[in-house]
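The following pair of complexes shares a single chain, chain A, combined with chain B in the former and chain C in the latter.
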Partner chain A sequence: MKTIDEFVALFAEQLDDTDPSTVTAQTKFRDLEEWSSLLALSLISMVDEEFDVALKGDDVKNSETIEDVYNVIKSKI
Partner chain B sequence: MAFFEFKNVRIAGISAAVPSFVANNLHPLPEDAVSSDYTPEDFVKTTGVLERRITFTQTTSDLCFHAAEKLIADLNWKREEIDAVIFVSQSRDYTVPATSGIMQERLGLSQETYCIDLTLGCSGWVYGLHTVASLLSTGCMKRALLMAGDSKAVRPMTISPLFGHAGTVTAVEYIEGEQGFRFHCGTDGSGYDAIIIPDGGTRNLTTPKSFQLEACEDGMKTRLQPRMKGMDVFSFGITTAPKSVKKLAEHFGFDYLTYDYLVLHQANMAMNSMIAKKLKLPVEKVPSCMHHYGNTSSASIPLTIVTELKGVADKEPKQFICCGFGVGLSWATVALQTDHLVISDVVEVDEAGNVVM
Partner chain C sequence: MGIENNPFSLEGKTILVTGASSGIGQGCAVMAAQMGAKVIVCGRNEDRLQQTLSQLPGEGHATFAGDLTDASVIEKMVAEVPVLDGAVFSAGISMTAPFTFSTREKFDKVFNVNFFSPVELLRLLVKKKKLAQGSSVVFISSVGGNFGFSVGNGVYGASKAALNSISRLCSIELAPKKIRVNAVCPGMVDTPLVAGFSENITEEERKRDIDFYPLKRYGKPEDIAGGVVYLLSEAASWVTGQAICIDGGITAY
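And then the complex of A and B:
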């Protein structure tokens, strides 16, 4: 499985208007200016492609930080 | 395992009717449920839905009626030779009775016509084709009309800018020696509330409370409007649809990559691009009409064939894989060949119910 750092980098790739260098495992992604339900779909696509894990809406909604999402993925592998 | 093969059946023709009114998503209507979460430009970019056809007067059966009249004429079928009408929709004329019976009378079909309604959405055309094939494959009935679609917005309730209205008709016939259709079908009822109209059925009858707005994942909705858990449906679609196509190919021992077309239910562009990518299919093999018609529920597969493949798929034999997936949660995939397929011109219907060209 990919490391948390690799996941953070993949997460940052989904964002258009956020400087990737400011994105960390502790970033509260839903507080990002550009976060939207459309970006959530990009996140779900990326996780499906990179981890072969199907994230549910609640998995995203109940996660606060990027690391929380990573831990959900880990629990589903 | 839900795999099926029906021989001695073929698709004779496909037609579609849409409202003549075009709603543009870059300039939303007062009725459009626009999210403040993102701009109209971002919505169009992600969903691929620039515009769609909308009506406030024409029901699904009205659109299907005009599509049926067009197709019967184009095929030169005699009305007395039509043995069955299967009406697939989530927007029937009445809660009771079935709409297929109303279509029997309105189209002037025989009283010996077999008529049933199926309540399915995005997977509905493939399930409807399965039902038609199983009815015809014994040879007791020779010709059937499969109607599929959803329509009609009701003011003052809002409408989702993702969805468009359409009614389609697929003419299926029994011909001995035809290769027929192969299916894979599946259901996951645990996701029944991923897309749901909570009130108006017998579980939750319509009450004054049904008309109050509630905060849902996809905006403020009354309990009489469809609401969707978008992320769950997205996740379901991109995982289940490719698997269903692969399972069908594996079960029947064919290479889906050699087929001419994969026609997917037109869910949204982000979802369909992902499904095509996972199946390693090039864009030219995956036709799409959602840019101009949106997500048209059970009409989306036949509407895509009518709008995108007329002049191509009616000129020479073609091999199709069609996959529907969504509300239920329900999904189904069919593999079929067409030859001498009749594809009607799209029929446009105005708000007064007249055909305009």
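And then the complex of A and C:
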């Protein structure tokens, strides 16, 4: 499985307006100004592609930080 | 007025319904039988087809189990079915992926089920003369693709837009054979397929989406079946080449 740092980098790749160097495992992604339902779908698709894990919309909603999402993925592998 | 004089009756007609194990296909099979048709229900799993069959009032119904993405299954079905008075192509799958994740693999998967299978089935039914003069074909399409666009819906929507296009083309080419061809475009209907779509959004987003519908609810399979039965019936004798939205008003905005 990819490391948390690799996941953070993949997460940052989905963003358009956020400086990737400011994105960390502790970033509260839903507070990002550019966060949207499209980004949520992109996150779900990226996780499917990279981890072969099917996240649900509620998994994203119930996560606060990027690390929380990573932990959900870990629990589903 | 007795049902025999009712232009909406399907008495004496034999109707094929694909995707009849659940959702809209099942709803269409049930309502067609209620309106007097003999129905041939198709799906991948015989046990689930038997559940649909047990819900059909009247006599003379049949099942055909098989995966319509398999060309040999389509050939076998076309060889085995009697001459039909109508066909409803309802087998379909969903897909949610933003455009940048819409790979060729995803397009192939969705188009194989939603587009190539029903189109090949119709082609062979016509070629082997299994659709009677005066028969009616209904593609179950979607408001997505031609009438409404929501994020993550590109692959699915494109498959339905393609379906709407071929449906309209067929209405012209098959008119000399007195075969009518129409599409019904549902909005969100509570079915296993839509449950798949909904997994990608939160319960909150789902409620907001429902609230956006002028009629303030998602559809039920029978909401769609009513339109399909109309198109199958003599009441729609002069209707062909249409894509009819049944959608709680969502495309009226």
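The working rule: the second predicted complex is superposed on the first by the 77 of 77 C-alpha atoms of A that agree within 3 Å, B and C clash if a C-alpha of one lies under 4 Å from a C-alpha of the other, contacts with A are read in each partner's own complex, and residues count from 1 in each chain.
FYI, contacts are C-beta pairs under 8 Å (C-beta built on N, C-alpha and C of every residue); 3 or more make two chains touch, one makes a residue touch a chain.
Fair warning: this is a prediction, and the values are worked out from it, not measured in the lab.
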item	value
Fit or clash - chain C, chain B, common chain A	clash
Partner chain in contact with A:Met46 - chain B first, chain C second, else both or neither	second
First, second, both or neither for A:Lys56, with chain B first and chain C second	both
Partner chain(s) touched by A:Leu38 [first = chain B, second = chain C, both, neither]	both
Residues of chain A contacting chain B in one complex and chain C in the other	37-38, 40-42, 44-45, 48-49, 54, 56-57, 60-61
Complex interface listing, chain A residues touching chain B	36-38, 40-42, 44-45, 48-49, 54-57, 60-61
Residue ranges of chain A touching chain C (in the complex, touch as defined)	37-38, 40-42, 44-46, 48-49, 54, 56-58, 60-61
Touching residues on chain C, where the partner in the complex is chain A	96-98, 100-101, 151-152, 198-205
Interface residues, chain B side, partner chain A - complex	35, 37-38, 42-43, 46, 217-218, 229-232, 234-236, 238-239, 270-271, 274, 278
